[in-house]
Each structure stands twice: as C-alpha cells, then as structure tokens.
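In what comes next, chain A is part of two complexes: it sits with chain B in the first one and with chain C in the second one.
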Partner chain A sequence: MSDASLNNTSKTDLGRREFIGNGAKLAAGVSLAPGVMLYGVAHARPADQAVTDDVRWGMLIDTNKCAKGCDACVTGCQQENGWGPQSGNETKSNEYQAAQWIRKVDLRNTSTGSVHSLPMLCQHCEHPPCVDVCPTGASMKRADGIVLVDKHICIGCRYCMMACPYKARSFIHEPIVNPRTHAPRGMGTVESCTLCVHKLDAGEGTTACAEACNSAGHQAILVGDLKDPNSEIAKKVASVATTQVRADLGLNTGVRYRGI
Partner chain B sequence: MKPLFKLLKALMAGLVLMISAPAFAGGLGPDIPAPVKGDECVADTQEMRVNHMKYLKGHRDDVLRRGIRNKTYHLSECLECHVPAREEASQPTRADNEHFCMSCHAFTGVKVDCFSCHATMPEKSAAFHPIVTPAMQTLREVHQPPSAQLLNELAARGARDE
Partner chain C sequence: MKKTLFTQIEGGKGFYALLATLAAVILIGMFAVYQMEHNGHWITGMNNQIVWGMPHIFAIFLIVAASGALNVASIGSVFSKKIYKPLAPLSALLAIALLIGGLAILVLDLGRPDRLIIAMTYYNFKSIFAWNIILYNGFIALVAVYLWTMMEKRMNRYTTIAGYAAFIWRLILTTGTGSIFGFLVAREGYDAAIMAPMFILMSFSFGLAFFMLVLMKTYKWTGRPLGDVILRRLKNLLAIFVAGVLYFVVTMYITNLYATEHHGVVSFILRDGGIYPILMWGGYLLLGTLIPLALLFHPATAMCRKAMTAASWLVILGGFSLLYVIIIGGQAYPLNLFPGYEVISSFEGDVGSGFYAYTPTLNEILLGFAGIAIALAMTAVAVNALRFLPESLADEEVDPHAKG
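And now, the complex of A and B:
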C-alpha cells in the first residue's frame, strides 16, 4: 500500500465540510479598518475558533543530538504536566504502573554496536490504533493531529494501552492531589503525552520537552506545523532523511526521528 | 373530603417547616464563601445557580475536542475568582465545606466529579482578572460596601426567595 492511499482513508466528509467552512471564512476575511482586509493568518487562531486540519502539529527528534543519560525532556514534562516522583502522587505504583508520558530509550545496533538514545512518547499518529479500539470515544484525535484522552468519558478499560505499538500510554492507579491547572489527571483514567496542547493552543508553538532540551543545550527536539511549508520543521523534514518508528504499520506518525 | 384535604395540606406544610428549620438555623441555605476577587460573574447569580453545569459541560467538550479556549466558562477561571490560590494560607480542600463549589454541593447532596481530576484551586493568585475592567474597578470604589459583601447579600436574598 502506498503512502498516498493510506493518507486518504480517513479524510472524507469532515475534511470537505471544513474546507467549505474555511472557504466561507476566507471569503469573508477580517476587516481591520475600512478598506483594509486581513486574509488567512497562519497561526493566530482566535481563542473562540475551533482547530482545523489546516495545521498538523508534529515533532522531529534528532537522535544524533540527543545525549545519552540526559533526561531533561522527561523532567521538563513532569514539571509542566505534574506527574512523576516530584508531583508527590502515585507513591505506591511500581515502575510498570507509574505515569509515563515520555521516557528515554537507549537503542543498540547489535551488528555495529552503535548506541542511540531517544525519547519515546505518544507519536500522535494520523491513524491512531488507540482511537480505533476505544469503546467510548474517549481516545480521540483533534483536527490538528493531536491525539488525546477525553478523561470525562474514559472508563479506564486500558484497551488503548494494549493497542498502542509505542507503549506510550499509562493508567492512573491512585488518587491524584493537586494536579496542575492545565493538566487534569485522575485515578481510573488513561493518559499520555498531550503534545503540550495547552501551550500550542496558547500560541507558544513549542512543548515543555523541547524547551527543556533547548535549555539543556541539545536542541534535539523540534516542534511545529508539518503543513506550514515555511515552518522550521516542515523545511527540515523536506530536506533531511527522517524516519517513523514502526513505519511498517502505516500510522503516519506526527513524531519523526532522525538518525535511527 | 375537602376539609380533610385542607387539614392534611396544612399538616404537611407544618412538617416541612419543622424539618427545614434546623437546616436554616445558621442562616438561609449553605454558607457560601465570598469570592476572593472579581466584581462581576459571567452571568447573574440566579442564572449561574441554575445553569452552571450546562455551561461547564458544553465548554469542556469545546476545549478538549475542538480547541476552543475562550475563558468565559472555563472551570479554572471560575476558581480564579471563587477560591483562594494554593499559595495563600486560607486555601480550602475539595473535601472541605469551605470550598466554593463543595459548600453548596455538600448542602444539596449532589456529587461533583470535576475535582477527581481538576485542580481545586488556582496555582497562583493572578494580579489581574480578565473580567474585571478598570471601569468596574472605579465602580467598585464608588460603591460601598465591597462587592463581595454585596454578592453575599444577594445570594442570601436569593436563598430566601427560593
């Protein structure tokens, strides 16, 4: 199966409707002053406007820059989203039960002996298996490609955890006290990386892990809009060889890696 | 038949009064904590009492599924005004009847699930609240007593009317 045919599987009615809607908006334009119109502003989405598939958020991780033994991205995520040992929650959960939005993985090529270190997190697939299997519709993908759990209707069956090829999701086993305001977490629901959706929606255009990686001096994580040809990530993806983990599954992941 | 019915009705009314009397002993209705800041809610008190759950539920789906994040009916924005921030000494917990939401929900016996995931209080007390405009601030200075007291009086009056 080619990539093109894969990409067409789920873009039928909704895309067309949204296209028509956007066309109407674009035709209307935004009137700044009499005679001055503003058409199509790329990332300045007003707070009361829904996300569309004109944007696809993605991440590019350069494993050549990712330092072995460094876990700045993990601690950055923990601080931002209030999970991990620092949060003071989930004290009884063992290492297989505890929250795991992002983790560091070391890969060793057995024939050459070369070792790569990389962060593994929700890959924000275009065709997410976790969404396919969810019996309540709690596991969902936003129009801009961010895969999330709607904890309001998650029943904690953990089917999505089984379905995820990347082992990116975790289940909360214990009551949570003092969650972060922008990252609600509760016992009995499944959670995973949100691609710092609260930051992206606020127009910050980056994630906590990328910021932490930058301040650690590695610059291994790049976040941006894959559909915007002028974005740094789109230019990079177009110019260098990048890979998807388990590309054979045809999920078209939003998180891509370089150097593996 | 009719006089008997009347008598029964009067008896029932008396009974209801007797039962409800202790509940209202410390004032009418639950003891709702005054807002920490802000001069005006996003809708008037009566409207919010009746329909706050509808606003919150509609908004939660908008935020999560469609990324619409206007702040009018944001739960964290409610807490911003109604609950002291975590850094403040007097902050209540969700189990505490002193919490703005829980005081009323405990009184009415309605279970609220929001706080099994959501934060019960703001993390920091923001210096400026989006609902309070400079015009409102001047109004507040003109009108004495402070608005928090006024709101509480209104709330108490509302409880009496019900």
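And now, the complex of A and C:
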C-alpha cells in the first residue's frame, strides 16, 4: 500500500467512523457494534476514549524487500521522534550510549550463506519481559499491544534493559534539549520504539519507519491491526510464513518478519 | 557461662580519625554521584549494552554480605549455639549497616534518584525488584526489632522468635537478590535457578568474612581481649562457606556445559573472554577460594590471626571477582537473537562474536567505596553510642570449658 492510498483511507475513515459510531449508539445495535467498533477504533480513537484490546497493533517486516545498506527506516524514526545525530542531542554519549530506537542488522545464514537485512526494534511483545521486571510499572503495555515507558515514573534502574531479549531499549545518558512534544525524552530514563503511538492514535495507521521505507521504494514494512481480519497485515500473516524473533521465548511479538 | 558484659567503645583520637577518614570517602563518593547525576551516565563506563556496572557490583556485594553478616546472630538464636550469642548484636548491626550501604549505592546510581519516592509508592508485584524493595525494608525493620529484643533486657524472651523471623526473612531476601539475575531468561549468562541458592551461600561466605574483619580490627584497636576459641569456630565456618560457594559455582558451570547451546557462554567466561577468565580462575578460584582454604586449614597458619585476616580479605576479593564475572560477564556476552545466523553488520556494533567491552570509570568505583564507608561509619557510630560489643571475648569468658 502506498503512502497516498494510506492517507486517503484514513481521511475517509474519519468521517465514516463518526457516522457509524453515532449510528450504532442510536440503534443500540449490540450485535453489530463489536464489529463496527473494531473497525472504528483501529483507525482513529478520540483522546477521551480508553484504548481497548479490540485492536492489536503489529508490524510485518519483509526481509526480502529490505535493502542492505539502506537505513531509511532509522533516519525516518530519528526525524519523527527526535533522536540520533540530526537531533543535536547526545553529543557526548559514545556509540554504545546513544539512543537506538531502531537499528539495521545484516545477517548471514551460517549453513546456506544467504544474506538478509532487517531492522531491529521493540518487538511489542504480548508478554513483554521488560514490563514484568519493571519495579514501578513504568514499563507498560497498552491494551492495543503497544509497549511503552511511562516517562513520569521511570526511575532509571535499567532492569528492563537487562530483561529485553532484543536489546531494543536505550538509556538516556545526558541532558536532552528540545524533545518532540509527542516523544518526550529525559536524561536518566529508559526509552524505546513507541510504534509511533502518536500517529496511530491520530488515525494515521502507520509509523514513521514504514513511511520512510515506502518513500525509499522498498515497501518492506507493513503496519496494521493484527486482529482485524480485513487488514492487509492480518491477511498477509494468514497467508505467508512469518517469523517471530526468539519465538522460543513465547513472547508473541507484535513485530513479525518474513524471509528469515 | 558468665554473663556477658556489653559496653560502648571509647571515642578516642583513633575513633575520630577513623570517622573522619570514612566521612572523606563518603564525601568523595557523593561528589562522584553529583558528577553522574549532573552530566548523566555518559561519564561512566556503562552503556546500553553493559547497563549495570561497577556500582552494582559493590551494591550487590554489600546486600549479599548484609544477609550473611546476620548468620552469626542466627546461629546463636536459631541454632542455640551459646558461644555465638555475645557476637549477635554486632552481627545484626553489621547486617543493617551493610544493607543500607548497598542500597545507598543502588539508589544513587539510578537514572533518577530523585524519584526514590516513586519506587516506594508504585509497585509492580510481578517484578522481583519491587519485591526486593519490600524485602530490604522489611529486613532492616525486622533486624532492628531483633536487636531491640537482644539489647533490652525486658524483651530478651522474644529474642529467639525474632531471630527465627530474621533468619527466614534473610533466606528469602537473598533468594530475591539471586533471582534478579536468575529470572533473566533472555541472557545466557544468567537464567539459572541455581543462582538463588548460590547467592545464599555467597552471602554466608562474604558476610562472615566481612564480620570477621570488623570483629578482629575492632577488638585489636580497642584493646579488648579476643580469644582463640571463638575465632576457631568462625574461621572453620568461613572455610565451610567458601567451599560451599565453590560447590555451587562448579555445579553451575558444569550443568551449563551439559547443554551444547551454552558452550559459547561458558567458554567465554572460562576461556576466551579476556578479563572474565582471569577474574574467574585467578581472582575467584585461586585468590578468593583456594588460598583462603589453605590459610584457614593448614596447621601452620590455621590459628594465626594474620592468616585469618588475609583469608577474610581474600574471600572478599574473590567475591568481587565472582560478582564481576556474573554481572558484567553476563552482559558482555552477546544475545543470540538469530539462531542459525551470523550477524555480519549492525549500526549498533553487535557484530559476529564481538563481545561488549566495559571499562569502569573512577566515578563508579568512588561511589562503590562510599557505600562501604557508609556501612562502616554507621557501625562505628553505633558501637560508640550503644552497648554492642562484649567487654571481653577471651576464651574463659565465651566458653568456660575452654583450655588455653
């Protein structure tokens, strides 16, 4: 799906969602409502409405399309969320200390020699070890499957970083200036990919990395609602073989890979 | 047996010199904390790969030693060995002081130490860390009550029950500390249930070594008699604990070696990992285990005070080595995200067999020493203010049947 068609869909859906939502309330169509609400919530959610588990946001990364040497997803995420060299922050942190919400990894199959390239990021597990170990509950999973850090109650103990099997989290090692309003960052706390929660909540239905990948012409990243049988991602995972990284841990990740 | 007479120690020049030295160490440590909290953790050697560094080694050592320091009191109260009873107040005091020293380091190393109140008010009960916050605070409270029952005559009849409660609590506490690592399923260097009992044995050993050093130094500096009878018991006990830790360490690595998938991490720790094999074989096994065992058992040195002191110091050194290997080594070994694949390039540098490097900075070490100084300063002030120490631990005082 291209950028433009995604935007068109979401614009159309906004009007339809309001109309159907009101219609459902009026008709009190109990039997109809769950299906209708699923469709509505998946595409935009008013700020005063709680997140529900009618939706499970997920991402499918096709490593056959992901190009070696391309890091459009990484720079896209950096621009959107205000980290990395362009942000002007973390100038003193070394490469192992600076934030890394998403990173590109190249792999070689040790028996066949085939080479794959893919982005690693928070896998948005259904059973996230980071959430289990967090003493204060700052690491949390939203009902719609997005794993986040509550920046207000993170004490910076880094136990979640010890527990994360994907090394997807970063600790902020120095003061941050001018963070994005939608992606607050503060020294002494832990952060990771938010699955562009601000974009999904606004009904955009995609993430900065997926948009950047599409702009680069690869279409390797697909974002959507895994629970909506009509979504492109749900159809895809139902029809082709996909992999969870470290599936042996039984975490049921929201990010899936194809081709490895 | 005669009634033991407990008195405060004198606050002479030496005492104030000791306090001043400890205060200086604490102040320097606090300056290091200020540096870390003002600039951020980039000035430390810690990073997104090695997220827990030198401060955590000091902190976990002190926390583990704290519960072990209580052992001497427990042997008196729970196992009714009368000879240990005169040592019980010091044992309980050290337990509290070491724990506070260790917790101070942990808290001051947090990214946001100013949010300590959040750690105390927001609990995620699935987190072993949250449980530990309760276990640590409970331990301090329980041991304080235990001390009160020992030091207040009217409360003496409750000492046994308080001793039992504290003993059971400390076993759970150390299990909790070991489980911090044992529950990390994704990291090959950890993820072993044996961590919990191993930490309990480590606490016995490190705690007793620390206790013996404090006991011998205090009695030497204050000129109080300290007989061989009590020391013989303590040093034999220390030797058994040192051997116990060795048993668990050997068992952990042998059982790990049974599974082929763990060969990588074991050979990293024991052979290929650079600093880690050196600390494991040289620091822990040779200096921290075999030499102390020889010193404590060899007829030529067995009852020599200097040998006991050296053995205790070596056990502590070995403890630090072992914790360094467990804590840092476990993080330095890369996570195997893609079994069957080799990582050939990554923007994060986790390439192939590239192990993560860690070089501790001075700030981290100064913070660690400040934690030890906090524990010692608390102990010194307490034994000066209250009657913690028996006037005499000479042989005829502690055991009327002792000969010579």
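Just so it is clear, the second predicted complex is superposed on the first by the 216 of 260 C-alpha atoms of A that agree within 3 Å, B and C clash if a C-alpha of one lies under 4 Å from a C-alpha of the other, contacts with A are read in each partner's own complex, and residues count from 1 in each chain.
In the analysis below, a contact is a pair of C-beta atoms (placed from the backbone, for glycine too) under 8 Å apart; a residue touches a chain by one contact, two chains touch by 3 or more.
Because the structure is predicted, anything quoted here is derived from the model rather than measured.
S.K.: Would you sort A:L249 into first (chain B), second (chain C), both or neither based on which partner it touches?
M.R.: second
S.K.: Report the partner of chain A that touches more of its residues: chain B or chain C.
M.R.: On the superposition, C touches more of the residues of chain A.
S.K.: For A:D144, select first, second, both or neither according to whether it touches chain B, chain C, the two together, or no partner.
M.R.: first
S.K.: A:D201 in the overlay: touching chain B, chain C, both, or neither? Say first, second, both or neither.
M.R.: First partner only, chain B.
S.K.: Using the touch definition from the top, say if A:S111 reaches chain B (first), chain C (second), both or neither.
M.R.: In the superposition, A:S111 touches chain C alone.
S.K.: Of the two partner chains, chain B (first) and chain C (second), which one does A:M187 touch, if any: first, second, both, or neither?
M.R.: It touches chain B and chain C both.
S.K.: Quick check for you: in the superposed arrangement, does A:Q49 touch first (chain B), second (chain C), both or neither?
M.R.: The answer is first: A:Q49 touches chain B but not chain C.
S.K.: Figure out whether A:N178 sits in contact with chain B (first) or chain C (second), or with both, or with neither.
M.R.: first
S.K.: For chain A, which residues lie in the overlap of the chain B contacts and the chain C contacts?
M.R.: On chain A, the overlap between the chain B and chain C contacts is residues 175, 187, 189.
S.K.: For a test of understanding, state which residues of chain A touch chain C in their complex under the given definition.
M.R.: So the residues of chain A touching chain C come out as 71, 74, 92-97, 100, 103-111, 115-116, 120, 129, 131-138, 153-159, 161-167, 169-175, 187-190, 245-246, 249, 260.
S.K.: Hey, which residues of chain B end up touching chain A in the complex?
M.R.: 60-62, 64-71, 76, 86, 116-120, 122-123
S.K.: Would you tell me which residues of chain C are touching chain A in their complex?
M.R.: 37, 39-42, 46-52, 110-113, 115-116, 118-119, 122-124, 126-130, 133, 180, 183-187, 331, 335, 337-338, 340-350, 356
S.K.: With touch defined as at the start, can you tell me which chain A residues reach chain B in the complex?
M.R.: The contact residues of chain A facing chain B are 45, 47-51, 140, 142-144, 148, 150-152, 175-176, 178-182, 184-187, 189, 197, 201-202.
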